[in-house]
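Scroll down for the structure; my scribbles are underneath it.
Chains: A, B, C and D, in written order; residue numbering restarts at 1 for each.
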Amino acid sequence: MRVLYFAWLRQKIGLAEEEAAPPPDEVRDVAGLIRWLAARSPGHAAAFAEPRLVRAAVNQEFATPDTPVAPGDEVAFFPPVTGG
Amino acid sequence: MRVLYFAWLRQKIGLAEEEAAPPPDEVRDVAGLIRWLAARSPGHAAAFAEPRLVRAAVNQEFATPDTPVAPGDEVAFFPPVTGG
Amino acid sequence: MATVRVQEALFDLAAETAALTAGRTDVGAVASFLGVCRADDGLAAMVLEHYPAMTERALRRIAAEAEARWPLTGCTVIHRVGRILPGEPIVLVLTASTHRAAALESCAFLIDWLKTRAPFWKCEEFADGTRRWVEARADDEAAAARWGEQVAADAPGEGAPARRQREAEPAAE
Amino acid sequence: MATVRVQEALFDLAAETAALTAGRTDVGAVASFLGVCRADDGLAAMVLEHYPAMTERALRRIAAEAEARWPLTGCTVIHRVGRILPGEPIVLVLTASTHRAAALESCAFLIDWLKTRAPFWKCEEFADGTRRWVEARADDEAAAARWGEQVAADAPGEGAPARRQREAEPAAE
């Protein structure tokens, strides 16, 4: 699974992207992936400390906490968008 | 009193402008001026035949039938505006 | 202070837009509306007539109304007159503000009011030589009416009576 | 078919506008919105980051939504990324239609949806060297919400599940 980080999530984690292989029986959706990633490092923990500030996309589509994730997916985490 | 005509009123009357001296005791407002002008020629009568299609301005301000008119005023008649 | 012009010549959209932001860093949004001459029903040209002594004053008042309603950093209204060919622009409205809502809303307001409160008349010329005066549209009146009545005070010395400017009523009953 | 671009370079407003009317005589109205970088609080530059694999698809979907809702003859969305200086444009939305209401409304719609549904993030750089990520605004969310939910069908082959695109909910509760 390819995981991407943007804006201040990227800065707190110190990575723009990483490969992750969460156990499929434990991580089934976006919310589960966040819990699993948050345990990876202090930076991850800081980035996901306030889940209400975090948005996600699965395979380049905006996602919600219950959006399924599976091996091979591209999952991105970022703050609410501020373009325009 | 200077009277101006625009668009199809100008064409029906055959004049872009004319001097008029309506009797002040007879013509006190826009509606009175229209009645007085309509008797001037067949062209005037045709132009003012459907008063609901005619708009007016007195001294370059949009006017209504009861807007006063007096000697020295500039009064314009035209169809509803279609700019923009 | 709004820029208001009535002219036969074409105008330069990029230059007019640049003028609203030049030398300032408080402009966050520029909205524009460009009215363009269509070739409906074989139209060959549109001839725009106006009331010169009144036109610029009317445009200036409409712009002042927008400036009274929204916090604009700039506002430009340019209306062409004379003979206009299909595909050519007829009117340009530009509004600038710190935030987008003010720019977008005032731009829509300006074109709605301009269509019903500025002394312009369009005559259509067709390929077969016939001519037809464009009739005012009831939905233009409705679009203008949704913005309510004038709120800006008339500028000092702008004609004696404080009569409110409107176009809804016929000049005679 | 809308024109959608993401680029670092400046864009040419006049050329983009001309492209929407070139060679056609059914365009009666062109509305535009230009978002410009302000220098609030001593801002020195705005750095725009985006999600390249997703951005153009998101913009294309937003433009398709506008085309599904209004009878547009053309639609252009250009969003800049990278380092943007005060006074420079950030985003351009252009809409063309036969009549003005469709152009004006769809232009407002596009910038509202773009602000809440396209993956861009702004980082402000100040003269003293500090940086700050711009926070999303509740009133941008409200402005987008007034247009309701997506009505356009997703384009074929545009990602498997027909999940509706939205940004309102956090990714985790």
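The rule is short, and it goes like this: a residue touches a chain if its C-beta (ideal position, glycine included) is under 8 Å from a C-beta of that chain, and two chains touch if they have at least 3 such contacts.
Being a predicted model, the structure only gives us computed values, none of them experimental.
**Student:** Out of curiosity, which chains are bumping into both chain A and chain C?
**Tutor:** Under the touch definition, chain A and chain C have D as mutual neighbours.
**Student:** From the centre of chain C, which chain's CA centre is farthest?
**Tutor:** So the farthest one, by centre of C-alpha atoms, is A.
**Student:** With chain centres taken as the means of their Cα atoms, state the distance from chain B to chain D in Å.
**Tutor:** 50
**Student:** Where the CA atoms of chain A average out and where those of chain D average out, how many Å apart are those spots?
**Tutor:** 24
**Student:** Rounded to a whole Å, what is the gap between the Cα centroids of chain A and chain B?
**Tutor:** 73
**Student:** Among the residues of chain B, which ones contact at least 2 other chains?
**Tutor:** Nothing qualifies.
**Student:** Find every residue in chain D that makes contact with two or more other chains and list them.
**Tutor:** Residues 35, 111 of chain D touch two or more partner chains.
**Student:** Return all touching chain pairs.
**Tutor:** A-D, B-C, C-D
**Student:** Mind pulling up the chain D residues that touch chain A in the complex?
**Tutor:** 35, 48-51, 53-54, 57, 79, 90-91, 111, 114-123, 133-136, 140, 159-161, 163, 165-167, 169-173
**Student:** Can you check the complex and tell me which residues of chain B touch chain C?
**Tutor:** Against chain C, chain B makes touches at 4, 6-8, 30-31, 34-35, 48, 51-57, 59-65, 67, 74, 76-84.
**Student:** Show me the residue ranges of chain D that touch chain C in the complex, using the header's touch definition.
**Tutor:** 12-14, 17, 21, 24-40, 86-87, 98, 100-101, 103-104, 107-108, 111, 143
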